[in-house]
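Each of the two complexes below includes subunit A, the first together with subunit B, the second together with subunit C.
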Partner chain A sequence: MTSRRALVADVAVLVFLALYAVPFLWQVLTSFKPEAELLRVPPLWPTTLTLSHYEVVFTQSAMPRALLNSLGVGVLTTALACALGVPAAFALATLRVPAAGPLMLGVVASTAFPQIATVSPLYLVMRALGLRDTWAALVLADASFALPFVIWLMTRFMREIPRELSEAAALDGAGRWRTLLSVHLPLTAPGLASVALLTFLFAWNEFLFAFTFTATEASRTVPVALALFPGVFEVPWGDIAAASILASIPPVLIVVGLQRWLVRGLLAGALTE
Partner chain B sequence: MAQVVMKELNKKYDEVHAVKDVNLHIRDKEFVVLVGPSGCGKSTTLRMVAGLEEITGGEIVIGDRVVNDLPPKDRDIAMVFQNYALYPHMTVYDNMAFGLKMRKFPKTEIEKRVQDAADILGIRELLKRKPRQLSGGQRQRVAVGRAIVRHPQVFLFDEPLSNLDAKLRVQMRVELKRLHDRLETTAIYVTHDQVEAMTLGDRVVVMKDGWIQQVGEPLELYGKPANKFVAGFIGSPAMNFAEATVSEEGGSVIVTNPGMRIAVAPARAERLRAYKGQTVTLGIRPEDLHIAAGDGRTGIDAVVEVVEPLGSEILLDVKVGSHVMVARVEPTVRAKVHEKIRLNVEPDRLHFFDAKTEAAI
Partner chain C sequence: MTARERAERRAAIGFVAPAVVTLAALTAGPALWVFWLSLRQRVPVFGIDHFAGIAHYAFLATDPRFWSAFRVTAVFTVASVALELLLGLGLALALRGQRVGRRAALALLLLAWALPGVVTARLFEWLYHPAAGLVNVALGVALNWLGDPALALPALVLADVWRTMPFVALFCHARLLTIPAAVYEAAAVDGAGRAATFRFVTLPLLAPVLLVTLLFRTLDALRAFDLMFVLTGGGPAGLTETLTVYAYRSLFQTLRLGFGSAIGVIVFVLVMAVAAAYLSVLRRREAAA
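After this line comes the complex of A and B, so read on.
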């Protein structure tokens, strides 16, 4: 009986997953449809497949540059947020930090901050610093938003590491940095992989800062470039679809690449040996 | 090789005074065990020697150096933790080599020391494994190995056997003792298990509530406990205690209690005379109670409540007046539950404690 019930559950899950996939698959289909068939429903299946939309996106749009911008901003944001957040988490988890409780509360509370509340003052700051329309503006803004989240999660991972491991390392002659690098970082690597991925995806998808702080192709990221695709007189659905597909490829590749680590991150509790 | 000296050592947390005026001189190559119930300050004392806890007051000397302000890594000590604290992501080899790498030993020297330690501990074939692939006893060995490769001045053990099952614990206990004989390194060992303390220690330090109760060789603690706490803590089954009144009859000192009337040995009588007419705490080790023949003028009237035949001996739980006592008797004794028996005790094997201060009289 349980196997039949499990089968029903599996089928239900598959149906739901298929429903989720429909818009994406529709987008994929659209990106290969000839211009003339884009807005007509019969035929549901295109009569011919074309790469013309991709050609347009690559040769005549801002997308190649936007992909580069997004990749750069995403990687640098992730690197900055982790470089600052991991040592902070290590300190909060293992050292006697004065007022660690209120500090942690502040960190957790600031993850709930709505972006829209800070966008105007941040814009003034970026203008004053002369950072408008640069990667730096986006990296600083995105990293400052991702940082509390990184600190919060990494602190939780690091707190699971028994205190005796730090003490053993101290007796073995490791300083704090060495302990972080040789003991805590390897043991929280799966968790860090998850945190880094989520940070990257946040930066990749981030629209509000990217829209506000950028002015030209020099720093426009993928979400902004996509939003600016519609022309004045017409909406090039096919080109937008092709650009969207291109925009989803890097994150998917990264998730697939990190899959082994991400699964281990979910099993992070198995540390206390 | 080094001595360890603690002078007026104190540790205060916000609310708790965990270690109080500890004075202890641990000699070079000595194996000293700190023992006591949980919360007695033994682990805190060890951690202060290790440098893992700050010292509130007093001084710790290792070798000839005052180490109060030295970080753990500069104290030339190695520690074995209760939960082993092996690095889970490193192989056994790397676990043992880590401390040497940190100290920038040449690779060949690291290799040699790890191999030597692995040979001593019989874990050579485990060097490439990760801790999670090892049994509890094997992890224990690796933890010890990590300590001995460093050739430290002092070994610190924090309840290293308490996570092992009973059989393995006895085996590792013997191995640790053998290892200490071989390495001839000063060792401080913390445990709550008095059997471990007695079997391992050259000297044993009994602690309670942050105070040292007594320092001495195992048999000294057993035979001449300084107070009621040490008397009750050392020995299993524990010493029997009973309140008794001191009186004098025809020149000899007698202690009495309902169901009990015991003449005190002349050597002990002098000091007890001062307590004439008062109540003292009488202490009798279970093995000092014997089944008595006939009914002499002195002895203990008891009713058997439980018989525990252990094979090499029999434990009798008996009721004496309002007290319950345990007698350890020969396996040939045939005693039945509810049977009335008469017990006797060698007068010079009695212990007396002041009823108020609990100090030995």
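After this line comes the complex of A and C, so read on.
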């Protein structure tokens, strides 16, 4: 009988979590509702489902371009942070880096810096470099929080690799870059995948920098386009719902399809003390 | 220092240099520069740029809007972090024995956390709609959640709890999975009931995780911006305006870079104070252990 009770408890938890997702699921349903039925609730379920809101978003809004911008900025931020962060983490984990202690403290502390404090100096930097309203501005600004995050977690992962392996590689005549590429990188690949995934997600979701450093469709990312979604006379709730769902595609894919890597990356930040 | 050590040092510097230079330019530099900016009167559109000393801070000390934003930030942080920890802990305990649909459960749970803050703001704006919002329909009331001075801040807190409780639940859940069954068997042999087991076995083992999530969540709540900026815009009548929203408005809507930076510095100091307090608690715990 215990097993039946356990099953009931499991199902109860799943039902609760399905209810917990209702704010999102309700938006999914809204995005398929005919315009005329949006403000008529109840009934909860519409008489027909329509793709017209998605049509409007794809043909008459800034979202298609914003999706491209977000994808580009997310991928480039992740690539930049990993390209700079992984060698630094390798050195911090395996070599005697001068002032390694203060450096690591600075890296960890900077993951806590509030964006609202660094946004005004960064704004002046972007203006001076003529980067306002470009992908480059967003990639550099996002790297300011992505790079410390990558260094912090990758240093942790690389410290777990036994010293004997690097020594063996050195005896085989491998240089330090060679050791990084053929020993440390393959062994920390799952960790790196998690870190890259989270970095991409942070960049995809980032709003404050993107809102500040962009001015036109040329560089506006998805959160900015969604925040500025235009309504001429009345709020286009159906179109906004469709745009929200499009903005949620990568997070949903990550949570459903790449859950293992997401969870590993999240927990690495706190549980391996 | 031997030749080999010198070579290792040189190599190490080569590996960290690109990252260090980038961090200096994009993270450490701006973090220091903002303190200097906060001491200047700087309004780029009018070409104003001169030293102002502590004038901005002196103004803020008696600025009712600043103290209102300070209070809103404090209430928002305390209320949402407390609720998240309680609900997250409860859900983690409920998830402990989950055998059926564990992946689906985690996906449903983490979805709310993984969405962009702006999407969350849009979801709740629609849920709180006075005429067609699901909240009013479900409760059978006709409240203007985001427009009512008494309801706007609780409505904002609720949206934030929805978004971040999964983070707490996941951390507690992961820690619970690592507690060996033998610990609970021993407690049962000793005749400990459910309440006693929770109080004397589970809770102490969860304490370090609760402490670290408390830190992460407090820092994030103090820094939060996107949710309130899009959901309420600080309204009605400034009643949900946090320090971050006030800073943003000053920086980029009234274009007073020096003044806005001063508010940013205050958020910065608050965040660092919380982190320092956490470190000292951690050190005391380690010394006691």
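Remarks
The rule is short, and it goes like this: the second predicted complex is superposed on the first by the 237 of 273 C-alpha atoms of A that agree within 3 Å, B and C clash if a C-alpha of one lies under 4 Å from a C-alpha of the other, contacts with A are read in each partner's own complex, and residues count from 1 in each chain.
Please note the rule applied: a residue touches a chain if its C-beta (ideal position, glycine included) is under 8 Å from a C-beta of that chain, and two chains touch if they have at least 3 such contacts.
These numbers come from a predicted model, not from an experiment.
In this superposed model built on subunit A, subunit B and subunit C occupy separate space and fit side by side. Angle at subunit A between subunit B and subunit C, computed from CA centres in the superposed arrangement: 90 degrees, to the nearest 10. Using the contact criterion defined above for the overlaid structures, shared-chain residue A:A6 touches subunit C, although it does not reach subunit B. Applying the stated contact rule after C-alpha superposition, one finds that A:A18 touches subunit C and leaves subunit B untouched. Between subunit B and subunit C, the partner in contact with more residues of subunit A is C.
By the touch criterion stated above, A:S182 is placed in contact with subunit B alone, subunit C being left untouched. In the superposition on chain A, A:A170 contacts subunit B only, with no contact to subunit C. For the three-chain overlay built from the shared chain A, the minimum Cα spacing from subunit B to subunit C equals 5 Å. In the superposition on the C-alpha atoms of chain A, the part of subunit A touched by subunit B in one complex and by subunit C in the other spans residues 271, 273. For subunit A in complex with subunit B, the touching residues are 162, 164-165, 167-174, 178, 182-183, 186-187, 271, 273.
Within the complex formed with subunit C, the residues of subunit A that make contact are 6-7, 9-11, 13-14, 16-18, 20-24, 26-27, 30, 38-42, 44, 84-85, 87-88, 90-92, 95-98, 103, 106-107, 109-110, 112-125, 140-141, 143-145, 147-148, 151, 176, 201, 204-205, 207-208, 212, 222-224, 226-227, 237, 240-241, 244, 247-248, 251-252, 254-256, 259, 262-263, 266-267, 269-271, 273. Against subunit A, in their complex, subunit B makes its touches with residues 50-52, 71-73, 77-79, 81-83, 85-89, 98-99, 102-103, 131-132, 146, 150.
Taken in their complex, subunit C has these residues touching subunit A: 5, 8-9, 11-13, 15-16, 18-20, 22-23, 25-31, 33-34, 37, 91, 94-95, 97-101, 103-112, 114-124, 126-127, 129, 131-132, 134, 137, 162, 167, 170-171, 174-175, 208-209, 212-213, 216, 219, 222-223, 225-226, 229-230, 243-244, 247-248, 251-252, 257, 260-261, 263-265, 267-268, 271-272, 275.
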